[in-house]
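Letters A, B, C and D mark the chains in the order given here, with residues in each chain numbered from 1 onward.
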Amino acid sequence: MSFKLPQYKEPDFEQAFLKNAPNVKTQKVVKEGVAPDNYHGTTIFPEYFKINGNWVLAKESRMDCVVVVKNDNEVEIKEFRNLKVGENVVVGRTEDASEGIYVYTEGFKGEEDVDETFAFRSGRSRETAYSKDYDDLYDVLRHEKENGYIVWVLGPAAVFDKDAREAMASLIDNGYVHAFLGGNAVATHDLEAGMFGTALGQDIYTQKSMKDGHYNHLDLLNKARRAGSIEKLLEQENITDGIIHACVKNNVPVVLGGSIRDDGPLPIVISDVYKAQNEMRKHTRKATTVICLATQLHSIATGNMTPSYTVVDGKVRPVFIYSVDVSEFAVNKLRDRGTLEVKTIVTNVQDFLVNLKNNLVK
Amino acid sequence: MSFKLPQYKEPDFEQAFLKNAPNVKTQKVVKEGVAPDNYHGTTIFPEYFKINGNWVLAKESRMDCVVVVKNDNEVEIKEFRNLKVGENVVVGRTEDASEGIYVYTEGFKGEEDVDETFAFRSGRSRETAYSKDYDDLYDVLRHEKENGYIVWVLGPAAVFDKDAREAMASLIDNGYVHAFLGGNAVATHDLEAGMFGTALGQDIYTQKSMKDGHYNHLDLLNKARRAGSIEKLLEQENITDGIIHACVKNNVPVVLGGSIRDDGPLPIVISDVYKAQNEMRKHTRKATTVICLATQLHSIATGNMTPSYTVVDGKVRPVFIYSVDVSEFAVNKLRDRGTLEVKTIVTNVQDFLVNLKNNLVK
Amino acid sequence: MSFKLPQYKEPDFEQAFLKNAPNVKTQKVVKEGVAPDNYHGTTIFPEYFKINGNWVLAKESRMDCVVVVKNDNEVEIKEFRNLKVGENVVVGRTEDASEGIYVYTEGFKGEEDVDETFAFRSGRSRETAYSKDYDDLYDVLRHEKENGYIVWVLGPAAVFDKDAREAMASLIDNGYVHAFLGGNAVATHDLEAGMFGTALGQDIYTQKSMKDGHYNHLDLLNKARRAGSIEKLLEQENITDGIIHACVKNNVPVVLGGSIRDDGPLPIVISDVYKAQNEMRKHTRKATTVICLATQLHSIATGNMTPSYTVVDGKVRPVFIYSVDVSEFAVNKLRDRGTLEVKTIVTNVQDFLVNLKNNLVK
Amino acid sequence: MSFKLPQYKEPDFEQAFLKNAPNVKTQKVVKEGVAPDNYHGTTIFPEYFKINGNWVLAKESRMDCVVVVKNDNEVEIKEFRNLKVGENVVVGRTEDASEGIYVYTEGFKGEEDVDETFAFRSGRSRETAYSKDYDDLYDVLRHEKENGYIVWVLGPAAVFDKDAREAMASLIDNGYVHAFLGGNAVATHDLEAGMFGTALGQDIYTQKSMKDGHYNHLDLLNKARRAGSIEKLLEQENITDGIIHACVKNNVPVVLGGSIRDDGPLPIVISDVYKAQNEMRKHTRKATTVICLATQLHSIATGNMTPSYTVVDGKVRPVFIYSVDVSEFAVNKLRDRGTLEVKTIVTNVQDFLVNLKNNLVK
């Protein structure tokens, strides 16, 4: 395998504008969950803050947050709502070190593409050639399986089809999934398939609607609520396949964030969405690769929490993020909402999952 | 105005199969939030339950819920999660009165369309002729303004454009909106526009990106959180236009359900999604017309809570539900998730709102 | 392999309404390309015409055409524009034998799906489970390779990607393609890839834009026009891979219909669209399976020419037709334009082609 | 009205690199329709060619063509297929005057937008604010009505709806349409609506399917073919409304290019697509504004023929081009195929046309 992680080039801190930059200024939080007026807001890029004469890199960053200085030598990137009274928030809206804040976008820059006045096909769409993106992704995943932390984000479409559901379970079984994020729907329909062979009452192989099939997901939810936990449900209903089963079997953490669309919900679903964000971010803090399939809501939520880089064993490396959906609008929206480095693939996630299984699982 | 509300034709309870039907059976709830195994699940259609020899209609219904018998002469339609120990839940999965449960789908049936073996264009899409749907909707809204309860459900796209935002505010000012449902985003960007003239940093008229514009929605949220309420924010920041301002001015209730995508959030947002559902349903219980624009999440959530009929002054009448989106998939998904009676319009909601204002507001 | 061709059940001509039906009436064509006023228009279904007391089945049918009686014992299905003065056109707009015209839609009817008042997910979309459709298609193609006539219809997206282009070429090499229909674009970009490794100047593997790459397709076209034929072009420019090369190598007929979008065009392209239709129909007359990928124009054109049945060795059998596109609207439009029996798959055709190759080619 | 045409800033030909540039080189055509190998291919931008020491601007340009020098002092931009033996074709693939070819992209450059490292919403989509685009377009059309040449390109969706069809007819009646380009479908269904009130058998107001409605467009086509011309058809069938009727009444030229999808076709349709291109280009040569609605095929065809500038009364001015469709992919594809300056609006063309009528027609 020829895969090589792109090397991060640290800023040269001996450059005058960095060397001579002042320390950051901070202001104290006076009301829970509210930042001082001139707070600095974070981006997806590596940001350095000068504290006591040293440039300190934000680890476990995310965009649209504020920067809290801790212990005079480190920074924590926090959501506004999590600010506590008395915390010291970095202020200043420059990015060029003039206020001790340096947003560094060149760390992974390589050679450029040809840029011409007149060219065709600048965007990514259904007409983009995806062969190399697939090949690269296979390499990435083989590498990350051992050396990274792969976070998956799935919408329900990924479990509406038998082959896709089996492919995903097999990727879990083979170590390609370190955390599973989703909502009530993907888990409910996966478990519905495990119990009835259907999703929303429709057979996930033959497409036939079962008689009274619209009861299936309600029955599943009701039984799950009676069981009180996913583990007990799997046992009591003898569910032995599918994605949730594979996660439980392989101790892959599952975070299901609630939404106003939910029936049920399953007992595991987190009803407070900001608590759900906190749980999700526990995984995006560690993420080295994030793969988002067929869900705008969960993809954008996760994308918002995912920086373009992370620090592993003291070294800065990129975080790879993929968004796969059959709609250009859905994959592009992630970028429009600030996740600028996302790699988008426009296809049906069923085929995407089967491709991955075919190429990664022997 | 020629508008006439479709007449509901009550079932003829003298028919033998109804007259001779047994009373419903019920079973008691033994665990909070869990139904007995053979519970009856509701649809969007009028359902009658035989109790003590009388056929009792479910009022304020919604699909995928259970039926609780109260006081031996009425029924309440409840979500599973809201079931209390000891409540009597109707059991039985027939719909033909044979177990005292009658699902009645013929109440508003009129003449049929021509049905032929070979025909073109059976679905609804961008190619459907919408002139009459618009004309009908204008009639519906003029009627409902005085005689109904119009619930609006908006996604953020509705406030990304100046004319659309003004059109919506003007519909509120003129009495066409009785409740406003949405999420953190639509309200945040509406207020951002009120304060900065932008949405996500982009001018809602000129489309120009403001310098440091990506701070605008964060600043708005931070100020809102400091103010502690929408009302105080409007006052302190002197916001005098837009949708939220119009709702506050006209005492139109606003329900904002949280989601895992939210920044902030605004102080008014309900962080627990099931509490948010309960608040939303307070309005869908009363709704006579529901209009859903440019949001899959909130549209499907609201659609799930909206039955095809309601009871006003003792009379059964239809609930009209519209879903408007530029994507066929988005509007059709509402139907695929069980909201079978929805009228879909495939267009940009900006134009839709301007059309409504042009035709309804002098 | 378990594949079995659905059996056609002939109408029982002993039924009174068929036995007693009158002979068809005809009227003569008096102006070239114009039918008599009350002409009978064809559908996609098997249609029988009573001539001299015998029920005669239309062979090689297509919809929206007229029926010409020949030799008093057979019928030909002709486009209006191809009518000749003096031909005898069947008149009458009934389908129930009362005028000697019988449209028979029950020939392949099997058991029905469950039909319920309240159900989810009735349409086909990105959320449909496609595993079985794929499995069935593999079976169909293995059968048709030896026993049928498989017509492919491709848009340019199918050659914009290296793996997809190779997969298609390999299906041709392995006997799964009996005729190839398309336009100037798919052939031009396939040949551009063969010569430059690009499509519209973009590398079909690395996605990199070549310097002056926008000249590539123009150069290809110019060289092709100089060469005067595809065969000479392949030889002179030493093109040894791709779809067109595979067609030439394997003597698979290629029909390229012109369009007003065309640059060039290639020498093989038919500039008169109605002559192009005639050439295309030569293949749809023989078709037993039609697969349309990523082109609305050519798919609907071909769909219009493809009946739901054909006659092979004196036996009526179904014609299978598939439409694959990443857009629901595109695949559904085929159905909306009268190709009612089409099986639609919503995905990126790149993945579709790779799936087929993986499963059909060893 | 505040509308001002952007001023064109001529290149300063006194600059050394222009002044000292050599004359262009040319090579003779030796085979009909084939350019010499090193031909120069045109873009959408103003291009100057040095001939006998003078910089000569290409008038009536279009992209992807070649440049023929005439009379030693002018150039003609020709499609490859239209090259004649002996014509002198400009060779050279530079754009910087070094070979006497200067592609000038700065003629209409104004002030730039803010450009930041981190920003949201860079593309155009359903979420773009279109109010100002509409306002600008109204200004443009009021100006062009008297001072320009407005070319419209319509797909059939524009006539599937009563209000949209009437709006378009009214724009024609009021002088906002100088040429009408389309295909067989848009004209057929417009005339079907004029004769039967339907499009493809469906009432364009009530949406009801007429009995035997699938015969309507076939009947219309058959009658048109019998009549032999549109004018006679209008008279014989007493068609007094709609788009084609308005064009005929107001002497607006209509060009209908054939396609392989066509039924019929109407007698006016040009069956040879390259002759159709020639006819279309007669209008794009004169065009100052082009508006493309709901047709990928005709929009891209026309876009390909439309340069970013034209020369009116000896002055260079921009050509405005709009593409309106409910699908982002459709409008973006025009740009991806080289029409870089197109302004895209994502909405249903029905609403777009009604908006224009409301704002332009009293």
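Definition applied: a contact is a pair of C-beta atoms (placed from the backbone, for glycine too) under 8 Å apart; a residue touches a chain by one contact, two chains touch by 3 or more.
Composition by chain, UniProt nomenclature: A, B, C, D = TIGR00300 family protein.
Keep in mind that this is a model prediction, so the values were computed, not measured.
Trainee: Which chain pair shares more contacting C-beta pairs: A-D, or C-D?
Mentor: Of A-D and C-D, it is C-D that has more C-beta pairs in contact.
Trainee: Counting a repeat as over half of the contact pairs in common, which of B-D, A-D or A-B repeats B-C?
Mentor: A-D
Trainee: Between chain C (TIGR00300 family protein) and chain D (TIGR00300 family protein), what's the gap in Å when you average each chain's C-alpha atoms?
Mentor: 31
Trainee: Provide the C-alpha centroid distance between chain A (TIGR00300 family protein) and chain D (TIGR00300 family protein), rounded to the nearest whole angstrom.
Mentor: So the centroids are 43 Å from each other.
Trainee: List, in ascending order, every residue of chain A (TIGR00300 family protein) touching at least 2 other chains.
Mentor: If we look for residues of chain A (TIGR00300 family protein) contacting two or more partner chains, we find 118, 120-121, 126-127, 200, 212, 214, 327, 329, 337-338.
Trainee: Using the touch rule from the top, collect the residues of chain A (TIGR00300 family protein) that touch chain D (TIGR00300 family protein) in their complex.
Mentor: It comes out as residues 43-45, 63, 95, 103, 105, 117-118, 120-123, 125-127, 328-329, 332, 335-338, 340.
Trainee: In their shared complex, at which residues does chain A (TIGR00300 family protein) touch chain B (TIGR00300 family protein)?
Mentor: Within the complex, chain A (TIGR00300 family protein) touches chain B (TIGR00300 family protein) at residues 31, 33-35, 37, 39, 41, 64, 80-81, 93, 200, 212, 214-215, 218, 221-222, 225-226, 257-265, 271-277, 280, 296-298, 300-301, 304, 327, 329, 337-338.
Trainee: Give the list of chain D (TIGR00300 family protein) residues in touch with chain B (TIGR00300 family protein) in this complex.
Mentor: By the definition above, chain D (TIGR00300 family protein) touches chain B (TIGR00300 family protein) via 113-114, 116, 118-121, 126-134, 156-157, 160-164, 199-214, 294, 326-327, 346-348, 350-352, 354-355, 358.
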